[in-house]
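Labels run A, B, C, D and E following the written order; every chain starts at residue 1.
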Amino acid sequence: MATLDLHRISKSFGTAKVLHDIDLAIKDKEFVVFVGPSGCGKSTLLRIIAGLEEASSGKVVIDGADVSDAHPVDRGISMVFQSYALYPHLTVFENIAFPLRVQKLAEPDLKQRVMRAAEILQLTDKLKLKPGQLSGGQRQRVAIGRSIVRNPKVFLFDEPLSNLDAALRGDMRVELSQLHRELDATMVYVTHDQVEAMTMADRIVVLNGGRVEQFGTPMELYHHPATKFVAGFIGQPNMNLIPATVLGTDGGLTVEIDGGHRMTLPVDSSAASAGDKVEVGIRPEDVDLGDGGLSISVRVLERLGGVSITYGTIGNGETRFCASLPGDAAVREGEPLHLSVAPSDCHVFDASGRVLRRTAAPALVA
Amino acid sequence: MATLDLHRISKSFGTAKVLHDIDLAIKDKEFVVFVGPSGCGKSTLLRIIAGLEEASSGKVVIDGADVSDAHPVDRGISMVFQSYALYPHLTVFENIAFPLRVQKLAEPDLKQRVMRAAEILQLTDKLKLKPGQLSGGQRQRVAIGRSIVRNPKVFLFDEPLSNLDAALRGDMRVELSQLHRELDATMVYVTHDQVEAMTMADRIVVLNGGRVEQFGTPMELYHHPATKFVAGFIGQPNMNLIPATVLGTDGGLTVEIDGGHRMTLPVDSSAASAGDKVEVGIRPEDVDLGDGGLSISVRVLERLGGVSITYGTIGNGETRFCASLPGDAAVREGEPLHLSVAPSDCHVFDASGRVLRRTAAPALVA
Amino acid sequence: MIRQCCRWLAVALWGLFLTETAQAASPIRPTETVRRKVLPEAWFAWLLLTPAMVFIAVIIAWPLVETIRLSFTDADLGGESYVGVANYVDLMESRRFRQTVTTTFYWMFLSVGLKLILGLIGACLLNAAVPGRAVFRMLVMPPWVIPIAIGVIGWLWMYNGYFGLLSGMGQRIGLFDGPYAFLAGRTSAFYSAVVTDVWVGTPMITLFFLAAMQGVNRDLYEAAWVDGAGRWYRFRRITIPQIMPVIVSMALLSAIWTFNSFDIIFILTQGGPRGATTTLIIDTYKVAIGNFKFGEGAARAVVIVVLLATFSALYLFLLNKVNKTYGVK
Amino acid sequence: ESHATEMHVIMCGDEVFPADQVVIDEFVATHDGVTVNLESVPWSNCQDKSLTLAAAGDPPSLAYMGSRTLRQLATNDLIVPVTFTQEQMDAFQPGVLKTVTYDGQQWGLPHAFSTKALYLNCDLIEAAGATCEAPATWDDMMALAQQVVDNTDAAGIGVAGKDFDNTMHQFLNYLYSNGGQVIADDGSVALDSPETRETLEFYASLVSVAQEGVLEWERDAMVDLFNDGQIAMYINGPWGWGRHNEEINQMVVPVPAGPSGVSGTLLITDSIVVFNGSGHEDLALELASAMTSGQAQYELDNSWGLTPILQYEKLGFSDLFYEADPAHWANFISSIPTGGPEPLITDYRSLQAVFVNMIQGAILEEDSIDNLVSIAAEELADAL
Amino acid sequence: MMDRYTKLQMVGIYIGIFLFLSFMLLPFVEMFVTSLRPLEHLRTTPYQFWSDKFSFDAYRQMWETVPLLGRYILNSIFIASMVTACTMLLVVPAAYAYARLDFPFKDTSLGLILAINMFSGAVLLIPLYRVLKALGLLNTYWAMIVPGIAFLIPTGIWLLRSYLEKIPRELEEAAYVDGASRMYTLRRVVLPLALPGLLVVGTATFIGAYAQQFLFAITFNQNRELQPLPAGLQEFVGRQQVEWNQMMAAALTGVLPVMLIFFFLQKYLVAGLTAGAVKE
């Protein structure tokens, strides 16, 4: 049972303000991921929650209690560091037992709890080894072991997978998701990897420049990005953004995109007026082969087997455009390519980068 | 103009033999990628080509001339190191000019060639900076600049992108491909990242344990992996490998896979006989929703937006199975899932790991 | 790192005022110095520092202050009375003292220069990938790890004109036509002391340079080699610039140590003949401890500290300037 | 005194002389509650040690050390003066008391006495074609040395030039043999004289017939040169005889006379001083007197082979050790009346520095003899 | 292949190394040869490097000539060890503070400490003498240990600091999150991890302490029994004649144990110096 609330958290380092009035309400047993570009303040926010860093202003509330001034151990949190922060001179057993030793727990009790954690994490046969003798994934599990052994109410993870190679990262992602289900605990997870965010999170916090851009489920972010920033950040390859001019606002939004093609898009056009400059966002995976008015000159083609990614430009040749096509699509580098997109798949962002709400959005799958 | 041939190259460090009789013929202007797991000997092979390391036996032939004993500079090769090996105390200009200074080139000539390289690489306005003041991508370009300024016949790259973050890596991939086209030079590129290999290579050399597993175009490797190793290595998520027993060899290969489903697969069954143990390989992206006899229990579901990846097990619950489904597929974790696959999309590997040639393989797109 | 340390030396000299500028001059990585405060750190830090600080205060700071005070007195065995700057005036007027200062700087520059050059050569040789280098590296250590005084006694014996090895060998190969007493002549005694000081100081410098050379990224050499650069070219264009920070800081530290080097001269020549090898430190010792003229000795000690501080500051200042000119970070 | 007193006695030298040990043992035995902490300290740092202990307020009760330190100790009030009876004074060899007298008072009890003479290696001299006999004058000595240099591989004479006390001593032997003075009877510096100039010039000229690297040598190290047949002559104390190779056909003669004087010698004593502030100065004085009194002193001189410090015959002693070999001892005793003391200077270290500076300057020809002597005289006056 | 040398280069390198090491080792060879010769042979000309009858007599006689020799050797090692131990006790907490903690006057105080390098003991001898006297330490082991410590603290702090800085901060934060106190962290996490660094700094300190025993010994200690080897060797000189062969024998015997230890530690030392030296 643990809810975690942040009330108007701000943080400055010297004169540099890196967090601006962050408000968040994280529910019990939720898996929340903080995501955002490097330097946006993810780690800082997590460290404030942990109590490693003091907020310049604002409150951290866990289970209704204001813990802003409490020692980490009194907050009932535990933390897994990016580097795992395993003690190289201690065995796996001692690493996991460390928090209990600090508490001066009696030996039998301690042993039993370490063994239990080791079982959950399938580390039972590694207990005598030193961290240096473990693989990356095993080390990560030891780090988790050290954090679960104390039965914290909230788990914090700071980019725990960023040191692993791609294959292992995939496996660990799966394991972490399973662990979350087994432990039934509240987890806060920092990453700058959108795949991790999308695959693991119940809800995602997108941070940018110390502010929350959007807080929602992965599918909300994917289908209803609140800002251009979120739209560009979520989804791989990135969403294409094509400058366009508003022609009309009746029955949706009629625009003319760079290159001359006109489309009427089913979005809330109430705030727009003709002549406005907007940007139309199209995900690479939403386009299809076929003459739908988008004509691309292909610069580079990447064939990944199942899909082929083409990179090229649209319109006057200045706007980049990327399309994800079937693996065997008959495309050649240097040749023009004709594509189509369904208007209901398009996103529109106004000049300030805020989205115009899509009125014909796809149903959300939980 | 440069072809590069390796004749029975072997290399031992002390008693450890890390390369076994490597034979390769690389054509002029070809972009060849060496790929393989860590420690398979990629770097060693590249360094032998460069002349940084001496082969224990075998010959390196460039443009028909045996250069096995030649000094690197006399081989007409240049190399970009994983760490870039930029001289931190020299400016970008001096870094690029270094090889020319070694040659004692006259100042005006030198300047002109450096400027030319800088232009190609869009470094003209950075020439006065030190490497420490550059971003990762810019550093990489300086390293390339240093290698192109000498007009080598063959370019060698040792994991030049592995120090960059994912986004930049994508960009640099595209830039390198373009550079290859512009320079029209023979390039040999080492990586352990299969995406890099697939997207950049004209042909790929898959190395494993110091031996060449397969040498072919990306699509050849994807559609016609010669061995289970190649099949597993190329393609993301990895190909599923399901144990199966041969039932019959008429009109293809009839097998019963774990879980009881029977299929007849269009592969060359001449060497197989009933009762053999084989493995059927199915790529995650080749399966579709629908009851085609594959029934999966889903453990974890990752929704990436455009696609959803499900991880689960097939048959008796011991064989893992991964499927890549449409983004909005109605799948839930913990529920069973029914999938189908076209027999022509299946790969079959015999007990030694070698493929049974597919007779109904898809057309190869160059 | 070392350069930073040297900068602190300068900072210490010119006080807090310079601290600001020095910090401004050296961009601090945000994660290192301006670090968050987890605990009330200051008190804990001072708790940890107190033992060392108290120690230094009693054994060094207080004596230093006392030295300065004494330098304005005529303290000797009998007692002391305030004499103002008389001691300093005497020093300024003494031709012999000016001679001593000149000797000291000549001694320092010559000896440090030789140590750096020899150290560099030695480090290169020991860094060469030849069989046996592990043993060779071991064999440079002895002069460094034994008490200085003991090594110097060995040299003292070797310098003996009649019975010493150098004179004997010199005669054998026809260099001298009779016994050559190294420590008897003004010039030869001075250079003999320099040689011994170089002998004592070179191993450590060699090992520091060696360590620095091993820290140079091998890729840089390979890249240069692929581009056709020969050994000498690589040494000049890569090794030297790469280990420059270590060279620079060793030069300063070694200069300070050499300036203050006592045992070698004291045992070899006691500063003679006729003051040829009398450096400031020897002079100070002889006056203060030998002749019990504490006041005059203290004045000399203060001059040493002032000269060294000025030298260090000047060195760092010039270094900074050169670095700026050449844009070295 | 009946309550326990611990006396701290410092004896400079490598070991405690048995003769002294006997006296001390007896002293302890006859004085209830008195113990003696006897320490022998090598000469190299012995005097410094006593001085620093005293200056630091923790003086030894008494110390046996070079008399040249007395004036410094006395002016700083670190030691107590000694009063001799007229009888005692008369018993000393002439000149001995001068070495401990400053400001009209005696500050130490002379305990060891040495005079110097010239040693000849007759083998070498004869090999050079000369007859082995005492050179009467400097010129004779010079000629003899030159002959040795010309006709053998060896040097004519050993000359000390190192920054060391006995370089000064060697020089003073010549100075006193040339009628020179360092301190006049009125206590002023009398170094600046034609005699000194003559002596210095001669000393420097000796270098041409001396061993290589004069500046590297001190007297005791020249014993090795003498033994190795590298020098034909040099000046040393009576103890030199026993330290020379037995194979060498050696001969001792008085220091030759200079043009302006008669053969003389340097009179050096080491004395026992009683420190001020130990709390038992009287007791210390008593012990010191016991150690330097007739019989005990005789034992010491005899056992060590020193120049007799007292005129033992006057004290009624017979069977004197130096009368057993009068030919040898005469060289050391006969010159006593014409000898001069080691000067007493407050800053006794400066004394050595001044002389060495002057001598080395002359040897290295860095300045004119005239200048060197004047400078030395001035510096000496400063250090007085 | 880059490191391959031609025969000529190889010869050149070996000649260079030979010359360099000859310079470094010549005094030791000469000391050894001297120690093997009877005294009379030492004092003969012309000089003979390798002709006399060698014997190890000096190694026997030296114990009689200087009865306290064994003590001097042990004193040397004891003083250096004590200096090292005390220095480490003072340096470890201080270095930790400078490596990790933030406090007012951090840079200034560190600068001041490092400036101590500029004074040698000789400069401060007079007042130091009075301090030691006031503390009642004159003529005790402490008279040689205490000043030694003070002058080695700066280098110690500077070297160790760079080691401690390399211990990932996250390790300490992890311990902190787990509820460990600062001291517990220092004891259980930081120090065990800094062990290699402690070894290097300790060794360097020992070398420093061992190398510089002469001045303090001759100035602050008059007690024969406590003298370290360099001062004790003076006794071979103090005699009427210098027993060169025995002095050399004593010198070599005295430093041998320590030298052997350093041969074994050499590898760590070179690697360890890099840590302090190379990091800009």
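FYI, a contact is a pair of C-beta atoms (placed from the backbone, for glycine too) under 8 Å apart; a residue touches a chain by one contact, two chains touch by 3 or more.
Treat the numbers as computed from the prediction; the structure is a model and nothing was measured.
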Any chain that touches chain E and chain D: C
Determine which two chains are connected by the greatest number of contacting C-beta pairs. C-E
Separation of mean Cα positions, chain E and chain B [Å, integer]: 55
Could you work out how far the Cα centre of chain A sits from that of chain D, in whole Å? 95
Averaging only over C-alpha atoms, locate the centres of chain C and chain E and give their separation in whole Å. 16
Which positions in chain A touch two or more other chains at once? 52
Touching two or more other chains, which residues of chain E qualify? 2, 43-45, 173, 176
Residues in chain D with touches to at least two other chains are numbered 224, 228, 230
Chain C to chain B touching residues, read off their complex: 217, 219-220, 222-229, 233, 237-238, 241-242, 244, 327-329
Within their complex, state which residues of chain E touch chain A. 168, 170-171, 173-180, 184, 189, 192-193, 195
Hey, which residues of chain D end up touching chain C in the complex? 48, 51, 55, 72, 75-78, 161-163, 211-217, 224-225, 228, 230, 347, 349-350, 356-357, 360-361, 364, 366
Give every residue of chain D touching chain E within the complex, in rising order. 14, 39, 41-45, 49, 52-53, 56, 220-221, 223-224, 227-228, 230, 239, 243
What residues on chain B touch chain C, complex-wise? 50-52, 71-73, 77-79, 81-83, 85, 87-91, 98-99, 102-103, 130, 132, 146, 150
